[in-house]
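Consider the two complexes below, in which chain A is the common component and chain B and chain C are the respective partners.
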Partner chain A sequence: MSKEFLFAKSHEWVQFLDDTRARIGISDYAQSELGDLVFISLPEEGDEVAVGETFADVESVKAVSNVYSPVTGIVKAINENLLDQPELVNSDAMDAWFIEVENISDRGDLLSEEEYKKLIAE
Partner chain B sequence: MELKTPLYDCHVKAEGKIVPFAGYLLPVQYKSGVIAEHMAVRKAAGLFDVSHMGELVIKGKDAFNNIQMLVTNDCSRMKDGQVKYSPMCNEEGGVVDDVLIYRINGEEYLIVVNASNRHKDVEWMKAHLFGEAELLDLSDEMALIALQGPLSAIILGKLTDSDLLPVKYYTFKDNIDLSGINCMISKTGYTGEAGYEICCKNEDAVKLWEMLLDAGSDEGLIPCGLGARDTLRLEAGMPLYGHEMNDLISPIEAGLGFAVKLNKENFIGKKGIIDRGTPTRTRVGIKITGRGIAREDCPVFIGDKEIGKTTSGTHSPFLGYPIAMALVDVDVSSIGTVLEVDVRGRKIAAEIVKLPFYIHE
Partner chain C sequence: MKLIFEKGNLNRGLDLMPECDVPVTHVSTGFERKKELNLPHVSETEISRHYTKLVKRTFGVNNGFYPLGSCTMKYNPKINDEIARLPGFSDVHPLQPVHTVQGCLEAYQLADKYLCKITGMDAMDFQPAAGAHGEFTGLKLIWAYHQERNDTKRDKIIVPDSAHGTNPASAAMAGFSVINVPSTAEGFVDVEALRKVVGEDTAGFMLTNPNTIGLFEEHILEITNIIHEAGGLNYYDGANLNAIMGVARPGDMGFDVVHLNLHKTFSTPHGGGGPGSGPVGCKELLVKYLPTPRIIENDGILTFEDKNEKSIGRVKDFYGNFLVVVRALTYMMTLGSEGLKNASENAVLNANYMMHMLKDTFDIPFGNGRCMHEFVMSLEKLKKEKSVSALDFAKALLDYDIHPPTMYFPLIVHEALMVEPTETETKETLDEVIAIYKEVYNKACNDPDAMHKSPTTTPIGRPDEVNAARNPILRY
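== the complex of A and B ==
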């Protein structure tokens, strides 16, 4: 997969596999701000996700944060590896996808990688 | 506006993530992260800036009598150079603060208090002083650095003659020369690990901090932030003011009965504690067996019945699972009790376990 990454202002990334399918994760900036992740809760296959709504929690040693969906669609798959090894997100956030969504009917405002880099540099 | 400790620039330089805490800007972690910092203290050593803690002195002919009235523990058998832990209560038997009392001599005691309570404590103590005794607040002049972990003694031994260091837990030595810096060193800490707390003047703090880090570099000493301080004290089952106790919770409920001496002639809060009768709630340790992390204020259930609330909770880096402390009904507080914790609307399986969660061998 060499498709480009797009970013939500709330620090999630989306990688579209085709027009209606995408993988979602959190940005490298987000993982470094959160610190060591020790627990991730994910939705189940078949669940609906919607733009701007929470679909997962990530917990670092110190705090819990919500992860918001950048798209509206149906959860096709979850990355079960993250349930046992949340630290995978810390070691490679761009590889550690959380969920794969299909039947995507809507997407929020998404930034290119360059635009996102500008945002976090502010 | 938050205050800075004398070590603020050191924290920034070491890439500490700075957060406001108890009125001070302090690092929650450095670049190694909470888990690595936590494990350094368990396996080697870690260095903490705890200069935000308050240092108060009570001195005068009636210093001892004042101390005895102010705190719930009995200081009558303390010798010079000893340290004692004690809650300090209000008239109703709630906890004003929990403090460490250092007996410098019979007419001079140092009291180390929580940063968040310092001003409240000063007011409280001043309002209750009697006889020939005065209270000094040295907090703005003194820095406090905690060196914690099994290799602490080796590291400190590089900076002074080891024979000069305090040997027994909860003792201290004054006027120790650490490579030219005058320090008061106590064998105390808030991590459940062997270690020292080192008090010096503000102007010496940076030099001392750098000297200690340098001395410990071969032993794996790293600077540690508030995050690791909290996970370490939680594993060690140590209460934190504002969580396991406050102005409304009695020290007995908070599991601090060992430091409440009701056979002492009198102290502030004695009547309040007695009037409360047998406590109906108590502090317990909880191991989360399901998936999730319970932090503070999560309701605790047995079936549909709420039996209490968590007071602190985190992922335990050493044990590898989530732990919490909670105040629960005494009737259902025995070890092994199976319960559920409500974490943001989701009930997670848990059980009551013995405190502390971690004991150093």
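== the complex of A and C ==
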């Protein structure tokens, strides 16, 4: 499995498993901005996701935020652990994937880890 | 602290309740209660001490400064309660024949007249019991308008990204889907972005003006015109009306329907169950869709009219939270039109004074040194450099016996604190609070660790908000 993470400007990460499959989560910066998560809603297996469109939402004690898909494809699996334990995202955002997408046909403008770090430092 | 149910003793009682003075009737067989109702059995001393203790643990406008942005926590004059207590208003029942409650219906008519004058609308409806209830009702009017014109593809409500959370929620509840428009770097609705999202599916647009940044939308006429030209209607969220009473009217800005929060702008009790009141006002083109029953005059008698096929129907069991409307009416009649205008002007003046005095200490990202009735500070720098968040800052204010501002809203400002002092605070209070804000800011810079431990003087420290949200226990 490739270890490389790519990032969307809207603070999601993508880890490509191969050319057409990837896992998606939210960045460590995003979880720290949101604060303690209390609820996560995820799509269902088989749902379509599209670049820039909402596929999940996360609720913290501060606010509810949309999570946008960095790729276009079909949801192959969802991380059901997050439904009962949203705190997993706070403890390790890069490990707590939200969904796995297959049949990826498009991807948005994605940043390398270094570029993303620059963006959030601004 | 013990609950009232955990106090007392079965043999104990008190004389506060009057003797039953009506015949006791038996409920239908089969519906009788098998067990005695679990009511408190406490003495008058116990009950008095219990509630006094609760009062001490709570905080309201009667206790101190309460600048909760977008909530307009102004002082509620006692005369409002005095008038609402008059037996003609308080000893009535909603099912009484209308000829016995003409005065009450007249009070509704008067409130209708004044609120129409303030908002530039043609009619008011007092059924909605709170702001979000008003939003839902107003959006249903927009829905009915398009339905009647067979324009059924209009299913999108546009809201700015700075909107109150209730706006998109009410739109979704009323059956619409929601489109967000971004704000400009200056904090206004992005007019060009708005132009791009309107079209044949636009049902309406929701806005509060001044907006949630505390700025008056400079291009308001252009904005409402874009929506009208696209075939949609404009909805005014009255949350921020306190900035413009007697100065500018939503009706003149191009809005077709509004809701007001009497519990904000018109000084009726707020929070802790209120109850609220969220009347909906509209222009002539929407009047026929207003909820039934409507109060009308028939042969010199005020009465409820139920027959109207175009109405969206009833939205509340009885007609509105009547005594709240009486309080709001008292407020309007006490101040008069000049007084209401002065109230708004002073609300804006107080906010600008605080903002000006705080601008060298705090980052105030919008408005170029000017605001309407509220302003937004960002504590992003403090969080980055000292790990002191807006939450820590707000908690530290509790130790000074003042209520913190609204936190983390609007969402487009990071580490936001939104301050709305209202017109009912004196300059001395504002000066005191300004000094406290600066002192707490210095403390945050010099001793950030202490900030994480605050508050230390309140009955409870920091409640476990996360656990409360994840595992709520909602009943005793």
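Criterion: the second predicted complex is superposed on the first by the 120 of 122 C-alpha atoms of A that agree within 3 Å, B and C clash if a C-alpha of one lies under 4 Å from a C-alpha of the other, contacts with A are read in each partner's own complex, and residues count from 1 in each chain.
Just so we're on the same page, contacts are C-beta pairs under 8 Å (C-beta built on N, C-alpha and C of every residue); 3 or more make two chains touch, one makes a residue touch a chain.
Small disclaimer: the values here were computed from a predicted structure and weren't measured.
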item	value
Partners on chain A (chain B, chain C) - clash or fit	clash
A:S41 touches, of chain B and chain C: first, second, both or neither?	first
Touching partner for A:D109 - first (chain B), second (chain C), both, neither	neither
First, second, both or neither for A:E53, with chain B first and chain C second	neither
Which of chain B and chain C A:D92 touches, first, second, both or neither	neither
Clash-bearing segment of chain B relative to chain C, given 24-32, 60-68 or 330-338	24-32
Common ground on chain A, meaning residues reached by chain C in one complex and by chain B in the other	35-36, 38-39, 59, 61-62, 64
Parts of chain A lying in touch with chain C, wherever the complex brings them together	33, 35-36, 38-39, 59, 61-65, 86-87
Footprint of chain B on chain A - complex, ascending	35-36, 38-39, 41, 57, 59-62, 64, 83
Of chain C, residues touching chain A in the complex	165, 391, 407-409, 411, 414, 465-466, 469-470
Chain A-touching residues of chain B, taken from the complex the two chains share	17, 28-29, 33-35, 38, 227, 230-231, 291-293, 295, 314-315, 317, 322, 344
